[in-house]
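These are the structures in question, set out in turn.
Heads up, the next two complexes both have chain A, just with different partners, chain B and then chain C.
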Partner chain A sequence: MTQAVSSAPGFWKKNQQKLAPWLFLAPGLLMFVIYVLVPIFQSIWISFHDWDGLGEKVWIGLGNYVELIDDEDFYTSLKNNIIWLVLYLLSIPAGLAVALFLNQTVTGIRLYKSLFFFPFVISQVVVGLMFTWFYAPDFGLFSQLLKWLTGEEVAVLADERYVTYGIIAAGLWPQTAYCMILYLTGLNNINPEQVEAARMDGAKGAKLLWFVVLPQLAPATFIAMVVTVIGSLRSFDLVSVMTAGGPYGTSQVLSYFMYEQALSEYGYRMGYGAAIAVILFLIMMIFITLFIVRMLSQERNA
Partner chain B sequence: MKSLKYLTGLGLVYALTLGSAAAGELVINSDQSDPAPKKAMEQLIADFQKANPDIKVKWNNFDHEGYKSAIRNFLTADAPDVVSWYSGNRMAPFVKAGLFEDVSDLWAQGDLNNQLKSATKSMEIDGKKWGIPYSTYQWGIYYRKDIFAEKNITPPKTWAELLAACEKLKAAGITPFTIGTKALWPTGGWFDYLNLRVNGYEFHMDLTAGKVPYTDPRVKAVFEKWGELVKPGYFNANHAAIDWQDAVPQMVQGKAAMYLMGNFAVATMKDGGLKEEQIGFLQFPTITPGIPMAEDAPTESFHIPSGAKNKADARKFLAYLALPETQTKMNATLGQLPINNKATKSNDPFLAAGFEMLSNAYALAQFYDRDAPADMAKAGMESFQEFMVKPDKLDAILARLDKVQARVYK
Partner chain C sequence: MADVSLRDVKKQFGALSVIKGVDLDVKDGEFCVFVGPSGCGKSTLLRMIAGLEDITSGALSIGGKDMTSVGPSERGVAMVFQSYALYPHMTVAENIGFGLKMTGHSKAMIAERTAAAAKLLQLEPLLQRKPGQLSGGQRQRVAIGRAIVRNPQVFLFDEPLSNLDAALRVQMRTELSKLHQDLKATMIYVTHDQVEAMTMADKIVVLSAGKIEQVGSPLELYHRPNNLFVAGFIGSPKMNFLTVNVTAGEGGKAVVSLPGATVVLDAGATTIAGGEMTFGLRPEHVDAKGKGDAQIQATVKLAEYLGSETLFFVTLADGSEMAVKADGLASQRPGDTITLGINAKACHLFNTDGTAVINGDLTR
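Up next, the complex of A and B:
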């Protein structure tokens, strides 16, 4: 039996080296194609149609995109997405600050670290609910505090001037925790000899941080950047839980706008929703391309 | 949790419908997930099976939000035999897509055209009937009787009296009306009633059917009246931040005196600690004299999907649902009003008042988000909310609604 196999060096034997990685990759690739690549092209295809999900698809070419350009809600969402993008980045310095603060050996530091990490572990929906109550007029802690300080009450989530900032503040809480963890692991890998050497040369405080510690944290910063940017563009759960896009659509972001048009009780405009998804995808592609280019160039230099 | 329920529900549907080849099995999908509706439904199914021992009912109960998207999947993919849905324009997409069965024959046999007459308009599309209605409830102004008595206010019957009452309450430091507009739909009740009273039922229906633009001066007149309540601050501030339930405590604590709501709000008010004698009900006052009084009364109904496998038994179920005895028993549990005019109604004072109002009504509207197509309703109610916060932006708001209207009704 064994002889028979070894005597016939078949296709498999000859190409084993080349085929093995693909075989190992196959299950993942298959999933990726079915659940990621194909839906992307399906979305693009649907975005050229007028379709309610039930009847026939009607080809309208760029009709959905033309309508999108003329849609106030689209610009509101876009503007909010940009605010999200910029302010969400605050979680990186905030995370770094917390990480530096917690990077010491005191009794019980593990407990403190866990407590700071806690908001990232709980679900976004829970974070959203907690902040909704926090902001709630009449009984919310924040409203009470504001009333005590200024004598006036502001219903953050009902005021179009503050609503987006209120939601972002809620989002920063878990995101800061995430960045903190990234930086804590980064700080563990810092070369103590370099720090020692810098100390001997008289560097301390801000200078030591800027010229010695931060450069070594660059990989952590890069990852934090990637997850924060993508996280800010995907912001959906908090908007959905805290305001459902309200008041009168002023806290919408693209992902929620897409959901509302395509899948919510009042929408079912699959084509229009798909068009929004395509735009969101293109915006994300800009950032993803930037990140990948950077990553590749780093790998080449290494 | 919601999605889990949804998934298990969906899984159930598939498991059940796949095995439903067995004769005499009736699959019902519905969203009676709240305690009272769930109990009413359980009773209904038990009684129906007792009356028809050869039929076995399989009931898949969904939660509300999950149901709204699930129904689109199961109607096209693997239809059950009976589904619950909303009447009026909310069922139009399913009727137009040929997903609902015409049940005019059920109405014709038996005396249903007569007995269910009050709901005819809401069940009819293209002259055919698409389901059987079984329950309804009234909308109106619920008010604090004790506060009114204390401030010496008689329940207003006209717009001028309402404004006077509001002024008095406001001067006494009480917010006249409480409302929570976070979920948008409570604003629809206000628009419905103001439009029904200012311009009347026919105009309201023309508007929700897309025959009149929102920039029409008659629509503007509606917002003018609304503005008379918004501008002096007769609604609670911050209403955009709260849900309808969160607006109830204002009334319970005596910080607000009136609430334009559906009858289901009474239960919440009582749970909050108000006694029955503290709550009063009044019909929305007259605005334009001489316009016949129409009311908002959403209808609940069951339908047969055209893809149903057991249509014979589904028809039996709907016929059973239409019976006066069935509707009497069901609505006693639901705390709502039966549609069948031969059914006996409960002697709850609010339902009795509602019944009297509805039986004298000139016509019944379903509710803004059922009378208008879904995407129009969404844009409309969002605008109503915006108007209630920024009444000065009215012209821009109405122009935007015209734009939406042009797209939706094309």
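Up next, the complex of A and C:
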């Protein structure tokens, strides 16, 4: 009897080792498939149609993409997205600088650290509102300052030359805080004896930073790159809160352009919006692929 | 190569005084070991010589030049850290050559000196590896290599062997001694392990609570400890201490009444005040066969048979305890009575304030 049990265990017993990981992964996997993977393919599918969101879908093939190529607003958004991407990266060196500055033991340093981290904790909408007032003509602090310095007043958010830069500056505030936290944890992991050894080896200041500290912060820099690049491509809330894409759509970015086309009062062009989303997705895929390739190659080397 | 001298060197962290005035001369080419219990300030003192800690007051000179407030890289010293502190992102070769690179030496010069150091330390096959791929002993050698290439006047070691296992520690100990003979450089070495201190040092500096207790050669400290602290710190198992009554005898003698026996010590020129004193005798100087100037009876409480020797922990008639090192063939078991022989020439006597009055120096 006992022999029969041990020689012919149940299906579960035989495959437990193989099945258990999948069981643990199942909830996350299920969510990912339902809320991420399926919508991606649905969006691609919708982008080949003309659809108002309620009525009948009409197949128009690549029609939406053809229209997109001739759409001036699309190029404005794309250009703004590139400006975002480049300038947003400034948050990485800025975060590093703040982290180096705060990485010391002084009374109350925890308080200073939390104050610097604060902008990341508050909602992007609040950040947007604060900067809107900051830039506001007449009573805004920035306008007052500019007036005092140059004698002229500039309505940053109403001037198509400055508006995108104004919004990016607002975005840099929380993003710098985020990079700072990443670097602070990285700095924590550096053995103080190594810094002392470097001092004895004659490395000081910039040399110490470049040859000893920065290489060891590489993992933090990598994560900071990932979140900053993806954050810059996803920028939506600040644009929406501060200018709603204005003036005359000059501060639009792809995600806001998509939202406006698909879901705003200008009409419900789901197909066209989906086409913009697909383009944005492809741009993001370039970066995500780069990051994943690097991550995998590092894992293989480790 | 250079000598190191400290004059009334002090270190204070806020109100806390860590080094309370140290005067010390380390001669050119000497292997000097700072030893003491943890928290005695030995590492701080080393770091002050390295330049990693500021000197609050006093003067430090290396090779005759005042170095009290010179930067760590300009003192001509190199340090090997307890954690080795190798740069994890650099190869062994880059680690060794880093100091030269920072001081602007040519690539050819760096390669040449790195190769020479690697050859001396048998690191040649490992030069292209990263520290993460090395064993503890190999990392230790890289850390030493990093110190050697800079051609320092003084080498500083901060407990360099404490992260190694016992066998490797013994091996590295002999390697370090050999390195010292090859380089003939001044070396200052910090450890809490008195065996390391005894085996490697030309000169031992015993520190306690930020002060020097005694400076001397290993055998000097062993045979002629200045005070109770040094007597207890040097030697393993540590010296036995008994509180005893002493009376001054005729002709410069001290009569010590031990539990169950009296022993007469030669005080030489020292005058003995008498009264309560501390009697000290090393376990290895007690004869388990009862031979000696005085005999006491004791009961074996615990015995450790080590083969080459046997350690007895015994209780005397008044309940005080002693350790006795007997030869490996001693056959007493716990509970047995044992007769201990005491050689009067090996006995130490300390005042109530801890200073030595009589040192039983067997070498004389």
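Note that the second predicted complex is superposed on the first by the 294 of 302 C-alpha atoms of A that agree within 3 Å, B and C clash if a C-alpha of one lies under 4 Å from a C-alpha of the other, contacts with A are read in each partner's own complex, and residues count from 1 in each chain.
One rule holds in what follows: a contact is a pair of C-beta atoms (placed from the backbone, for glycine too) under 8 Å apart; a residue touches a chain by one contact, two chains touch by 3 or more.
The shown structure was predicted, so the numbers you read here are calculated from the model rather than taken from an experiment.
Contacts of A:Glu193 after superposition on the shared chain: chain C is touched, whereas chain B is not. Once the two complexes are overlaid on the shared chain, A:Lys13 sits clear of chain B and of chain C alike.
Using the contact criterion defined above for the overlaid structures, shared-chain residue A:Asp201 touches chain C, although it does not reach chain B. Using the contact criterion defined above for the overlaid structures, shared-chain residue A:Gln216 touches chain C, although it does not reach chain B. More residues of chain A lie in touch with B than with the remaining chain of the pair chain B and chain C.
Overlap of the chain B and chain C interfaces on chain A comprises no residues. Interface of chain B with chain A (complex): residues 65, 68-69, 72, 75-76, 93-94, 96-97, 99, 181-184, 237-242, 369, 374-375, 377-378, 382-383, 385-386, 389, 400, 407. Those residues of chain A lying in contact with chain C across their complex are 191, 193-194, 196-204, 207, 211-212, 215-216, 218.
Of all residues in chain C, those touching chain A in their complex are 50-52, 71-73, 77-79, 81-83, 85-90, 98-99, 102-103, 146, 150. The touching residues of chain A, when paired with chain B in their complex, are 52-55, 67, 72, 135-138, 153, 155-158, 160, 243-244, 246-249, 260, 263-269.
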